[in-house]
Structure formats: C-alpha cells, structure tokens
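Each chain gets a letter, A, B, C and D, in the order it is written, and its residues are counted from 1.
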Amino acid sequence: MIFLRRQLPLLITLITGLLFAAQYYVPHPASEQMLTSATKWLQIIGGFALILGVTSLFHQHAVKIRRQEAGWGYSLVLYAGMIGTIAVGLWANGKESVDGAMTAFGWVYNYMMVPLQGTMFAILAFFIASAAYRSFRAKSREAAVLLVAAMIVMMGRVPLGEYLIPLSGDVSSWILNVLNASVRRAILIGVSLGAVALSFKIIFGVERSYLGGGKE
Amino acid sequence: MRVNRQVSTIRRSTGRTFWTLICSAWLCSSVFAQSSVMPPQDVRVFDTPSDEGGSLTVQWAPSSWDVPDVRYQVLVGDAAATDPASFTIIAEFPGNSKYVKDAKTAWWTRNVDKTWHQVLVRSGKGVEVKDGTPYAVAVTAVQGDQRVFSPVLVATPSPDWFNWNQLNNLVIAVSFGGLVFYTISHAKRNEIFLRRIPGLDAVDEAIGRATELGKPILYLTGAHDLHDPSTIAAAVILGKVAKRAALYETELIVPHREPITMAVCQEITKQAYLEAGKPDLFKEDANFFITADQFSYTAAVDGIMLRKKPAANFFMGAYFAESLLLTETGASTGAIQIAGTDSDHQLPFFVTTCDYTLIGEELYAASAYLSKEPVQIGTLRGQDIGKAVVLSTIAMGVALATFGAITGAQWPQIILDLFRDLK
Amino acid sequence: MSLAERMLKIDRRIIFLVIGLCTLLPLLYPVGLPIRISSEVRGVYDHMESLPERSVFLLSIDFDPASKPELHPQAIALLRHAFRKDLRVIAMTLWVSGTGMAEQLVTQVAKEMGKEYGKDYAFLGWSPGGQAVIINMGQDLYSAFPSDYGGKPTKDLPVLDGVRNLKDVAYMVSLGAGRPGVEEWYVFGKDKYKFELGGGCTGVMAPGLYPLLRSGQINGLIGGLRGAAEYESLIGQKGKAVAGMDAQSATHLAIIVLVIICNVFYLSLQRAARTQRQIG
Amino acid sequence: MDATILGAWVATGLTLLIFSFLYKDNPLFKLAEHLYVGVSVGYTIVKAYDTVIVHLVIKPIIENGEFALLIPVAIGMLMLTRYVPKAAWMSRYAFAFIVGMGAGLAIPRTISSFILKQIEDTVRPVLSLAGPDGVTFSMNRLSIAGLGKGWHEPASSFS
C-alpha cells in the first residue's frame, strides 16, 4: 500500500521527468511524436484541474449560505452569476458570437466581464499614484537614486516629458537598455538556476511537497 | 549518425587570412569575369546529422569565383538517374552565399571548414525527401548560359537519436544537476552558514502581532502553478507559517488562484497543524479556491482584507499587475505586509508598499532558512556555486572575446562557442 | 501637526481625484504632441515590412479585457499592418477570458480591411494548457487546434495551406499581459521551432523583457500604451493609443509632481527634526 | 429595450460599482465583486467544457477514433478522487504526471533560453579593431539602444 501511495507517484514523476527532459536532445520522429501526444494530454488534464477549483468555490459558498453567515446574500449573487453564465454559455455552445451576431453568452461577456475586468485594472492607476506619494521618499541615498531614475524614465516614456526635457528620452532609453537590462539578466540567470535545480529535485523525488503531506 | 570531432586546422588561421581570401576571390572574379566557371569541387552529400530525418546535407569547397554573378544550383533526382540535367532544382543562390558559418551548428559537429558552402535538401515543391530512400544529388555552377555540373552523388536520409549540437546544453544540465545533489548530500553531513534575511524576523513578529490583536493571517501563494519554483517556495513557507499559526492558535486564510496549488497547500497546512500538535484546530476551508481569473481574484482578496482585517498579509510567489492592488489595500487596513517574489517586474510595487520584501532568490533562500532542511540549504549552496561559475564564465568570456577582437585570433571563439546556444 | 506632516498624511482619495482629472481632461481636450519612435517598436515594424505577401503571421492575443487599454490598440495596429501587407493572419489566444475580446478584435479589423475569413485570416480561439499548447502547436498545429473558434476543422482552412506547425510561421507576435506570454512563446516555442518572434506587453512588464530583447531572442518589443502609440504612428493610422498619450503624459507629470511635493515635505520634516535635536 | 443599450447601462453601472471602491468598501462594491467572481468562473467553465470536452476529447474520439485520448481523461478524473477521502491518494498520480512532465520540459529549455542565450549575449568584446586607427574602446556594453555590434555576430536583429 505504501508503494502505491508513496513510491509509485514518485516513480511516475521520475519517469515522466527524465523522459521529457531527454526528449529535448532526441530529434528522432518517435520522440517528437511522443511529445506531440503528451502535450495534448497535458492540455486535456489542465481542463480537469478546473473542476477541482470550482468544487472548492461551490463548497465554500454553500457553507456560507447554509450557515447564513454574515454576507451570505452575496454568495447567492455569486451563485446566480455563475449558474446564469453557464446556462447562457451552454445554450450558445460556448460562442460569444455566431456569424457576427452576439449571443446571450457574448452579452454577458461584453457587458459584464469586460467592464468588470477593465475597471479593476483601472483602479491600479489610482493606487500607483497613492503608493508613489506615500512611500516614494528619499529616505536614504539608495532611495534617492531610485527616485531620480524613476522620474527620468517616467518623463522619457511620454511625449510631454520628451517635449519639456528633450534629453529624457535618450537617457531613459539608456537606463532601460543598459542598466535595467543587465540587472534583469542577472536576476533571470539566478532564477533560472533555481528553476533548474528545483526541477531536478522534483524529478529525483528530493522535493515532494507537491504531493502534499510534508515528510511522511 | 556522423560526428566529426576533428577541429580543422584551417580554422586556426587568423581572420586576416580569411580577409585575404575574400579579397583575392573578388580580384580573381573581376579579372577572369569572362573566363569559364569550373565544376564545384569536393562535393559531399550525406544524411544531415543530428536531425529528425527527411533531410540531406550538401557541402562543397569554396572557389575563386564565389561572386554574386555566378550562381549555384543544387539538384536532386532519383537514385538510379545519372544525368544531372534531368534533376529537379531545389535551390539556386548567388555564389557568395550559403556558407557553413551561416548555419547555426556547433563546431564540434562540423566536418569541414566554415568557409565551405552548405545547403540542406528537404522536402519542398516538386521533391519529397523520405527517410530510407536514396537520392542522387548534384551541384552546378551557372554563369550566363554556361552550366557546369559536379559529379552525381547518392545519399540516404535517416533520422537520428541524438542532437550533438545540444551537447553543451546536456553537459550543463547533467553537471549542474550533479552539483545540486552533491551539495545536498554535503549539507546533510555538514553545517552550512546561511546569512539571515532581515524580512524573516518579521515573519515571527507579524504572526505574533496577529495573535495579540486576535486577527487572522492572510497568506497568498501567487499566480503560478506548481511547476514554478516560486510557488513551491511559497508552499514551503506556508507550511512554516501555518505551524506557527497553529502554535499561537491564530486563524489562517489562504485564498488560491490555482486549483492544484490549493489541493497541495491543503495537505501542507494539515501536516503543519499535525506537527504543531493541534490537528483539531485545522480547518479544511482555510485553503480555498476563488477563481483563476486575475482581477476577480484580486477583487475578492481585497474584499477579504477589508472585511476580515487580517493583521498580517503574506504575498509569496509570482505576481502580475494585481500586486499593487493587493498591497495598497492591505496597507490601508494597517496590516504588517511581507512579500517575497521572483517576479522582478512587480518588485518596485512590493518594495514601496510592503514592510519587508524578499527579492528574487531570497524567496528560495527564505524557504531554506525557515525549514532548516539540508535539502533546501544544499540546493541554495548548489545554486550559489552555479552562479559563481556563470559569473566567472562571463568574466573570462569577455576577456577572451576582447583578446580575440584585438588580435584577430580565432581560437577564443572556439572556447566561447561552448557557451553558445546551438541547435 | 505641522503643514508638512498633514500633507504627508493626506487622504489618498484626494490623490485619486487628481489622477482621475488628469486622465479625463486630456481625453476631452486633446493636445497631440509628437511621438518619437523607439528602436524596440521599430524592430517589430521593420520585420513586418520585410515580409513578402501571403507570408504566415501568427498573432497570439495573450491578454484579457483587463489589459485592454494598453494591449488592444497594439493588437489593432498590428492587425491593420498585417492585413495591409496582405499577410495570412492566424490569430489565437492562450488566455481563456480573452477569447471573446480577441474574436471581436480580429473580426472587426478584418471587416474594416475587407478581408475574408478562412482565405485571408483565421481565428483559432483558445486552448487550455499554456505552454503545452505552444509545444503542441510547434509539433502539429492541427493537434493543438483541431477546430477553429467557429468549430470548423482547421485542416480545411485555405489560409493554413502549407502550414504544418510553428516552423512554417514567418512571424509570430505574442501580446502578453502576464503568463503565458512572450517568455513562454520563446522558451517553449521559438527556442525549438525557430520562427521569428516579436513581443508586446503592458508598460509595467516591458522592462523585464529587455534581456530577451538585447540578446535578439525577441526581435522587437511594443511596450504599453506608448509602444502602441508608436506603432500607430508608424503605420500612419492614429487610434486610441495616440489619443491616450496625452492622458498618460498628464498622469506621469502629476505623479512626478506629487512625488516631488511629498519629498519636499519629507525633507523639510527631516531638517526640522535635525535642528530640534541640535537645539535639544 | 435593445439588448445593446441595456448592455451599455449594465456595463456603466458595474464600472461605477467597482470604482466606488476607491471611496471606500461598500455593499455595492461587494455586490459587483461577487458577481464578477461568479461570472468569471462561469465563463471559464463554459470555455473549458467547450474546448476540452467537446473539441479536444469527444470530437476526435467520435470522428477519428482517437481512443488514446481517454488516458488523459482518466488521469484528469484521478485528480477528482481528492473528494473521496479513502481514494484521495490516487490524485497523487495525476499531480505526479503533471509536475514531473513540467519539470522535465523545463530543464533543457530553461538552460537554453535563459542561461546559454543570456551568457552568449553578455560575452562581447569591450575593445575592438575599428578602422585604421587600431584599437578603440568599442563602448559595446554602454552604448544607447545597443548601437554597438558584437564581434562574432551582429548583436541582434534589433540593434
């Protein structure tokens, strides 16, 4: 039983991991065919993962409604939104438009999803300004450098800035292309080494937190 | 599979000789422009090495009349055919193009000098190149009405089982992997010093404050799935935070964007409560899924922050545009905020709005530091050594490249090519 | 509490109001300052210009309506350019919540340019799996997308004639607002399948892609609304991005002024504290 | 009322409800927030059903007899065993497959794209033979927008 519960999953990871890492170096059509089918499988499995999440959401709000916790009415709104969208979606075969004509599903998408998403993102602009005001202070020499660089790039990225201070465009482009690119590259290489190390640990069963349950 | 490891001696010739060659080729062509062209010399046809099949490689030596006026044609025909004039033309190009050096192959897989011509024969209009079938190939030089043929050669394409151009990639993968496992086993036997990260003291402080105020702790694991090191690090840190929260009997809220991460984090939290000796306090719904959609998730988490007013907010893992929407809202409720992310594009937002931020790999280091497990610490050591190697490679590489540029020597390039991405 | 202290603790809703006005006013009273073209955006434009007619251009619309203000104008400008150059356009998305928007976007621009579905362009829709979709397309496009958005088998679309996988794509641009986005298209796509790749992204993410740009892994980058405005000026068809540049100019300036004010008060407080200490 | 006009009103209304958050948290924002979560989950479910179940699984099986596609379906189903406490361990097989494959795919590709490629571009000469004057400082690493070209190959198509 231990084998089925603990070792077999680790063995599956080891085999799939090694197989698909090795696949990269093998140009033979057989190996390419394997990659084609396996990535298609991954696409399908990815779809099923969603059910897992939705079940959790369903459960969580069902509990709220059953216990009539504070704000359970909003959970009803959530249910209504979800079931309503699914109903019109299935009715429209999952298409927002058919031959150029908008379906009811398309209506929900265009007049509910789109404005809600767009507005949430728009709030970001306001928050950026308030965060900048609140915490962008020259508390130290480093912070002062950050501040000056940020201002130059902000000037250089808009036409008004370039109009007022013509040099700002070139300077901000230099900051982005030279200073920024090299620092990002350093972080990128470091993070990539981390990613490769982690992948190795996963494949060889050293890191198993993804199976849940700590050391067991 | 043909692999020729011989490093041609011609390659050691300096760049100047190369230029002399080119110049003389140009001179010759202008002087003897009217003279007749010769058949292409030393033509070789063979199955393309390190490929998925369905392709042949044709190579021939450069000649004195490699000029735009003279055109080369590559012809393919049935293996039994002998008259090249009846073959199908699959490529036609000016005499001064299509060299070995234009193809992106590693020098350790080359069998001729890089000044040779090279053309790949593949399936295309009029010709289908199948594995296992022999094909006859010839090269012609064309000038005006004149057309001279090379001898007809026959070769059979076949697929290969290893791409030798990616040998450097494999060597790096294997040696770095080996290094990581070595450092892990080393860390199991020896104590390794780990520099304390200031943000980590704050973790305890934040949990302590939440307990004092009797308010919950909010923990986010980021936007990515479990393939990502940042998510794994976030999950490991969650285990440690959950254990402390269990000890202090403080409520933990973990909203998720990714179903599989949620499932795994549930297990991790359960384990943490077990380890803390408080399994009865564990709540299955401490970890819950909201939605995979970026901003509805953000709206919902913002809502949780404003209504449940957690005293400590943890933002670990990968984030995108939602980062500031989360941290600004958190700041407005007065919570202690600790972030840890390798999403470098969001760092400025976290740094300005959070009390502590673990930058880049500090996130991985934090999971090592908190868990004190040799596996984690050893990995960190392995990564550090890897970084040192990359750094010295870059430093030496720049020096070599500069030396090569000044002296015109070719050998530095051979060394540098070991670190090039070649396919 | 001194003035400086009070100003530093100002209600953030006042700042929200300032930003709101700075966005709204320029949209009502546009100025139209000239926009300088950066080499990043020119990289994408020049490559599109160099493509012969009927080349295959793949556009992956990897964002959802949230990033619409920044990336939608980029997509429109790119599609206009592609249709004008008479390229074969294949559009798709890796972001499920972007599907409806992407479909409308492609249909709208195609209609405007008088293009025919199936012959001049196709919209493949969404497929789950992110990086798995990219690899699968690299191996076999028809396996990743057996049917297009409308449910027609992709194998029957004339626009896909001679296209087996990503290797047959002349140019591919990913307009990504996160993950999967430009980086994934490089790592799981171009790295192996060797097509030419360009990128577009939100303003916030743009600096993060510079290492890939400098190394030539992507041959150009359209960053945020500014990038979109540059592209619109390049194709000579000004749209929403150019119009939005005034608002962006104003908000950037407002934030700069706010940061300066906050620092002036902050430093004056610091100085006051220091003098007090010296006296004390 | 026309569906489009109604839609415009709904859209405007929802926008205002979300923006009311800038003033402070309030029931109207809560309403919009919950509706948003519900609609977005619903939308994803519909799309996943249509794309995965209908177009990637059912159609290929019925039309082309690709019964091998039942394997990933089975793996996907294994994940759902999480909700049956006694069989929950079986979900590990699915996770093992996904995570293992992800890790395997990532190793060589990360090395190629983010380690080799980045080293390759960083390693450039700082000095070069420029013109008849002999050695000059090429300013390769410091030039604006990468004006300098590499020695062994053009810096990139972008520069």
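Keep in mind that, in the parts below, a contact is a pair of C-beta atoms (placed from the backbone, for glycine too) under 8 Å apart; a residue touches a chain by one contact, two chains touch by 3 or more.
Since the model is a prediction, treat every value here as computed from it, not as a measurement.
The chain with its C-alpha centre at the largest distance from the centre of subunit B is C. Each chain gets a centre from its C-alpha atoms; the one nearest the centre of all protein C-alpha atoms is D. Two chain pairs are in question, A-D and C-D; the one with more C-beta pairs in contact is A-D.
Distance from the subunit A centre to the subunit D centre is 6 Å, each centre being the mean of its Cα atoms. One finds 16 Å separating the Cα centroids of subunit A and subunit C. Computed centre separation for the pair subunit B/subunit C is 23 angstrom, with centres defined by C-alpha atoms.
Within subunit D, the positions touching two or more other chains are listed as 18, 21-22, 30, 32-34, 36-37, 39-41, 43-44, 47-48, 51-52, 56, 79, 82, 95, 98-99, 102-103, 105-115, 117-120, 122, 145-146. Counting partners per residue, subunit A has 21, 24-25, 32, 40, 42-44, 46-47, 49-52, 54, 57, 71, 93, 95, 109-110, 113-118, 120-123, 126, 128, 130, 132, 134, 136, 150, 173, 177, 184-185, 188-189, 191, 193, 195-196, 198, 200, 210-212 as the residues that reach two or more other chains.
Contacts with at least two other chains are made by residues 166, 169-170, 173, 176-177, 226, 260, 263-264, 290-293, 295-296, 299, 307, 321, 344, 390 of subunit B. Those residues of subunit B lying in contact with subunit A across their complex are 50-53, 159-163, 166, 169-170, 173, 176-177, 180-181, 184, 226, 228-229, 232, 235-236, 239, 256, 258-260, 262-264, 266-268, 270-272, 275, 285, 288-293, 295-296, 298-299, 307, 321, 324-325, 327-328, 331, 342, 344, 348-349, 352-353, 360-361, 364, 375, 379, 382-383, 386-387, 390.
Residues of subunit A that touch subunit C in their complex: 24, 32, 35-36, 39-40, 42-44, 46-47, 93, 95-98, 100, 106, 109-110, 113-115, 117-118, 120-122, 125-126, 128-130, 132-134, 136-138, 147, 150-151, 154-155, 157-163, 169, 173, 176-177, 180-181, 184-185, 188. On the side of subunit B, the complex with subunit C involves touching residues 223-224, 292-295, 318, 320-321, 332, 344-346, 423. Within the complex formed with subunit D, the residues of subunit B that make contact are 166, 168-170, 172-173, 176-177, 225-227, 260, 263-264, 290-293, 295-297, 299-300, 302-303, 306-307, 390, 393-394, 397-398, 400-402, 404-406, 408, 413, 416, 419-421.
Residue ranges of subunit D in contact with subunit B, taken from their complex: 18, 21, 25, 29-30, 32-34, 36-37, 39-41, 43-44, 79, 82, 91, 95, 98-99, 102-103, 106-108, 111-113, 115-117, 119-120, 122-129, 135, 138, 151-152.
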